[in-house]
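Both of the next two complexes hold subunit A, though its partner changes from subunit B to subunit C.
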Partner chain A sequence: MKNLVKILDSVDILKMDRRTFMKGVGLLGASTFLSTYSTQIVSALEFAETKIIWLHGAESTGCSESLLNASNPDVAQALNKLNVNLAYHETLLAQQGIWVDGKLANTADLNSEILLEDLIKQGNYILVVEGSIPMGPAGSGRYLVIGEKPFKDTVAEAAKNATAVVAVGACACWGGITNANSDIVNDTDYRGIAFAKTDPKKGLFTELGIDKPVINIPGCPPHPDWILLTLGALILGKVTLNDLPSILDEYKRPMLFFPPDHVVHDNCPRRGYYDKGLFDEGAGGPNCLWKMGCKAPYAHGDCAMRKWNGSVSVCTQAGPCIACVEPGFPDSSRPLYVEAEDKGVLLGADVGTIAKVTVGVAAVAAGVHAVRRMKGE
Partner chain B sequence: MVNVTVDPLTRIEGHLRVSTEVDANGVVTDAQSSLLLFRGFERILQHNDPRDAALLVQRICGVCPLSHSLTSTNALDNLYGVAEQVPKDALVTRNIFQGLNMIASHATHIYVLWGPDLANPAYKNVLATLGDTGNAVWKEMVGRFAPISYKIDGVPVPAGSSYMAAIPEKKRLQEAIAVIGGRMPGPVTPYPGGYFYKPSLPDIEKLASYYLEVMDFVSNYTLKVPFDTWIANTYKASSPQKAVSFVTEHLTDLINKTKGSNDFSRAAGWGDAEFYAAFGSELVGEKLLGLPASLKHDLIGGYKDPSKINFLSYGGYYKPKDGYDPKSPAEDRIFPSGVVTGKLEYLKFDSDKITESTAHSFYQNSVEDLQPAKGETVPFTDPNQIVYNNDSKSRYSWDKAPRYDGIPAEVGPLARMLNMKEPLVTGLALAFNEKGYSAANVYTRMMARIQETAILAHELLTWVTVDYDPNGKIAVPLDLEKGKNSTGMGLWEAPRGALGHWVSTDGNGKVVTYQCVVPGTWNMSPRDSAGVPGPMEQSLMGSKINAVGNILGVDYANPVGIFHIGRSYDPCISCAVHTIDLTGKNAPRTLRIL
Partner chain C sequence: MKSQAGNPLVVERYTPLDRLVHMVHAAAMLTLIITGLKIYFGWSFMSFHTARGLHMFAVPFLLVVNWFLIPVSIALATEGGIKDKFLHFANHYVFGPSDAARMGGIIGNFFGKGKYPAFSVYDESAGHYKTKLHPLMKILIIIEGLAIVLIAISGIVLYSLDWSFLGLPIASWILTVGGMIAPAFGMSSLEFLRTFHLLLTYWFVFELVVHVGILELDPKVWKYYKAIFWSGKEDVSDGNYSEVINNHSDNLPEKSHGSEKVVKARKS
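Then we have the complex of A and B:
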């Protein structure tokens, strides 16, 4: 965290190498990013457009909704400035699948299935996946069939010719809510692209033998800046595929937005009440929500700095954090309204001492076991 | 007979397949609606703290997460025995929260999901036959409603002005929700007994300023007649006839002004709502206003047999007083509960009259028709049985077929406006009925959505500036003991229609059963045990598949009529199919697909 601030204060952002770029832009937000980079965006426009294929699996469209909430620039402006052709996106595109007597009809101008086939054939695109992928029942993937094809097959085909794959949202990253513990979770067998819960061996790509670089943008939903800035950095060449091992954590999350040494609690608007030892035990109060189950001490996200929806608020301003950016969400956060285990560690400690603990360490003070659990250990 | 299938029907939430049989005249003779996705929602709530439901059920749908969250909160209010004590200011805050989301959801549907079909090239071809006037109308349609990344005949078409302007407005509305919800989507504030966050005076001022900005959009793009004038003469009109007369007189003025110039621009007074109100309907546009042509959206998406359809509302938005009745009697909510029959008779809503059939769904239940609370679900686990290209006698959807008193029901803005006897929509429905059209059709469905958006904008201002008191009480304490061995029912209205959640707990206060009956289940339902098709299926049958009554002949490869009808319901498939019970034999047997 301190490093990030230092970078921001002391480094000429235009001269940054690719790695520090990834660190720096995250703190600036999309609008500063695009205005700072106007020259480079103009030159980017002189190059070929970047195509994006955005596939929807088992999802709620919440991630796309979140993307549409991007402010200054909004998503349409950003795509325009970055010369992105959002070539396929089921919620937004003009086309739809049209079949006449079982055969695809019309052209790619109106038929989404022809469009998708063409795009995959042409290659040279970034593949974004929103939503999880069912392997069930019995490995068939038929719990989600679109255009007569199991969704897992469509993802596999689209992945083949993609230059990079970005998993957007908890479902695409680890299965998310579709993979939460229940009596039926093994039967539906929902997978994320690179993980199932925290297990990389059970990720869809490993299962299907696909070897492609994957970036995870978790969150339920993810912040639109996380999505746009990641795509922007890839498009502008600020991040190359070779850089990924150094900028992603073990769960393939960009450390810039999901810093290993920073949690939401560090910058929580209610932090002052926590430092004073004032805790709410019901709804509607102004105090720290630890006792109402707030998981901000375990949530590795820059939410409280970046803020949400045009920076007007953040979850913990209004209610408890549910740590939706962590692997294994939602199981890792349940029960949502019960303080994470080991409350003795926090409440037994001298609150004044806790207040002096440096940023980032508070999470440890708040419950080592809980942190481990969040990581699925 | 030609099979014309749309799969996927895009620009909706989730994954939907619409399969039709079309005759040589381009008229649909048979239709099947298939929901293609199967998740596992209610099961993940089992054995857990019921309070988690209000946040986790938001993940059923990212477009209307607040509706699920508030419906769940209603069920939890009931479960913990606090519904009658929820403070007035918490209820008003919930109204604001839901109202903002419903406006945003409708605006997204109108401009981003549904509107682009008005830029379908079929309209260009039809309108070109009408000379300068036709070309001028096309120029408005493609200029306002074309989506991003759009091409006609391989040539890129710039995104429409209304489409582009609507995206930041939707974003602004979401920002307003975040002011009182932390973030959007995924707000963390719905909580039984009240609301988690107490909006402050500065928050209320922010909401007011967002409101003014959104109303700027409305007056610049949607409605050129002053908003208050519109509300006073439609929503507040003394009779349905007066509301319709006001609109037709206003449109007549516009037509008279435009005569000779072919200027249908917004600058000439043609807001998007006025434009569609006049040109969308044959009855309104051609017969009442004397326009040379219309899109004839009133001739598609209607019901041929009024005895096989109801319009159902569970009731939404609390009256500004402490406490509410979880059973939602008609007088308890601002948007009342009720049932309007296909013949436009008004009945009282009784939740005991809901049953669900699985005769045409991918389930192997012992009994096909059951009340939701007793429902069972034994789905196919053999992949070879999950097929979508068999005929309408087969099983073809993950959706069940809910019926009210044995009859399919349409839910959503049209059903709500009819149940609340909203003058303009009721007046239009009566006029269509009288002239031999179906009261429900693509045009009335869209006009109801537009009018409901206006009504909510009107009510919202009252909630924000009059009803809400920043010094009031925002929650009553929750006694978790009362949530043991208890049950709760939450009835509410989502943007897409009637939404119900039911919860029960064990002696440890953990969830035993959790069930949802959602709008998409009703509208997109397959056939029932008696073989009666669901609302969308019925509304496809007998409709023409091409633009403007197939005037240029039949084109199976661009069935824009099917696109319009399907999207006119604003389908939300994630909501409609959100649960699965692979065994059906484990207690409890009440976990169901919806």
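Then we have the complex of A and C:
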């Protein structure tokens, strides 16, 4: 790694092709990458400014919190280095929505909703959506209304003038927890930007007839590197919209961070215990958590290599992976702490139970058959 | 080998190729089941890497046997054209109406009604078997052939998520197809394929129990153990599960008819 850093350190970032750039950010992580190239980035973008509009739908703001947890650089340093104007972010900006008699009042300096309208009119921004978007009840979208406007209409308006759309977090990607199976899921009808669970036909954009390329950064929450580096690649022009088909998988996830040929299990800190056949069956042990329902063998993410919390730890060091980066999360991972092979597949029975019953019946039948044949009956 | 009437009619039931195929198949299958379940359950008698190595070592043997040697063996079992070979395959390996009748008799016998019907039928006049497998075995063989295809396909993804052949992204295609079925079981494609691989492993365990337990755990069929593992011969006149049709009294030594050779036919 040190040699790689040394080699990349001598490379002019502005002459770096996209492939090398993507490899670099994949291997180095946001902090090393941005600190290595900070001078070049700043000088290159001295006169350029990229605006970001960051909308919040139905969510916990955990994705923004994850981004704020970024360190070295923290989000402010990163935005500064990338010369980004985070023009609108509901939970970070100072303004707030002001309505008088149902009408927007004051100016963009004080009123966030006027600010948003102005920014959308000006165009030339990257739209980031965090959180899901309700279509319910009955397609009206009125389960999430800001002022008098359903959130789905706000997203639709903002998407039209955006240069790129990035869905951040499981909720914005698939509907997430708000779209998990429940008695009211059909009534609330939460959608992701490009998918509803794993169905692209029910994604918000398809539903509303919006034809905009989307990048999905799933996770609950996503790693700050995934967000910063994706935005960084877009801002630096290292990734253009024409490149998206070659760098995104079928679920619109950057393959760099969510590699199709790699799962979290491959580099899990507990992997050695799996290799030894040592499995934990209760909380607190040091062994492989597969039998406790760990979904790392099914989760396409670079979590175990990139590590979290300032690159010091990863979820599986504490407990089973819940595959929060996978399409359709959380339903696709439920039940969270049951091994995938133990899921009911036939009248609630798992394959192990089915096997025990059928092999048991066959063994008994074989025994009876043998006794009868030996007796010559 | 003693015949009931002291009049043996010993014929070649399994060619050397049949016996080789069966032994390699059995060894590969047992290796795959044991190492596969070790990997899944984490049994401690072997390291993961040894189990995986043995597992991958056994795969080509099983596939070559099933997808090459068995078709060759079936093709060589008859003279004539494709139609003759197809008919031979249908008569010997496909469960048909006569097998259904035999199966009915076997089930009836299991519950105490009637005699156990003969399933190994030798046509002495034609000089070859008309059919020779237990009807249950015919069902198992066809399902097994399909199961081997499916477990190999699902196994590709477990082996490598980006496995390709001649530049074709085979693993990616398999995951795509798996993704069409998986949601019906509330699983991702990879979860489904892993679970399906396990289910098919259990199928082979079940098949082993039925094959060895129900079909073979009977002193009167132990002659077939000797035939399949060593001699290749059967005395079709001994009356236990075998029947000779169109028989005549002028059996001659080393007489050969069609595909099945009468290796030793004589009057005592």
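As a working rule, the second predicted complex is superposed on the first by the 319 of 377 C-alpha atoms of A that agree within 3 Å, B and C clash if a C-alpha of one lies under 4 Å from a C-alpha of the other, contacts with A are read in each partner's own complex, and residues count from 1 in each chain.
One rule holds in what follows: a contact is a pair of C-beta atoms (placed from the backbone, for glycine too) under 8 Å apart; a residue touches a chain by one contact, two chains touch by 3 or more.
Owing to the predicted nature of the structure, the values given are computational and were not obtained by experimental measurement.
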| item | value |
| --- | --- |
| Touching partner for A:V75 - first (subunit B), second (subunit C), both, neither | first |
| Touching partner for A:A58 - first (subunit B), second (subunit C), both, neither | first |
| Partner chain(s) touched by A:W99 [first = subunit B, second = subunit C, both, neither] | first |
| Which superposed partner A:D187 touches (first subunit B, second subunit C, both, neither) | first |
| Touching partner for A:L86 - first (subunit B), second (subunit C), both, neither | first |
| First (subunit B), second (subunit C), both or neither touched by A:R334 | both |
| Which of subunit B and subunit C A:P260 touches, first, second, both or neither | second |
| First (subunit B), second (subunit C), both or neither touched by A:P297 | second |
| Subunit A residues touched by each partner, larger count belonging to subunit B or subunit C | B |
| Subunit C-contacting residues of subunit A that also contact subunit B | 334 |
| Touching residues (chain side subunit A, partner subunit C) in the complex | 198, 250, 260-263, 274-279, 288, 291, 297-298, 323, 326-328, 331-332, 334, 340-341, 343, 345, 351-352, 354-355, 358-359, 362-363, 365-370, 372-374, 377 |
| Residues on subunit A engaged by subunit B in the complex (per definition of touch) | 56, 58-66, 68-71, 74-76, 79, 85-87, 90-102, 105-107, 109-110, 112, 134, 137-138, 140, 142-148, 176-178, 180-185, 187-188, 190, 220-221, 282-284, 308-310, 312-322, 324, 330, 334-338 |
| Residues of subunit C defined as touching subunit A within the complex | 38, 40-44, 47-49, 109-110, 112, 116, 160-162, 172, 175-176, 179, 183, 185-188, 190-191, 194-195, 198-199, 202, 205-206, 209-210, 212-214, 217-220 |
| Subunit B residues touching subunit A - in the complex, by the definition given at the top | 2-15, 36-41, 43-44, 46, 48-49, 51-52, 55-56, 58-63, 65, 108, 112-113, 116, 119-121, 146-154, 159, 164, 167-168, 170-171, 174-175, 177-189, 191, 193-198, 206, 380-383, 386, 388-389, 473-475, 477-478, 556-559, 563, 574, 580-583, 586 |
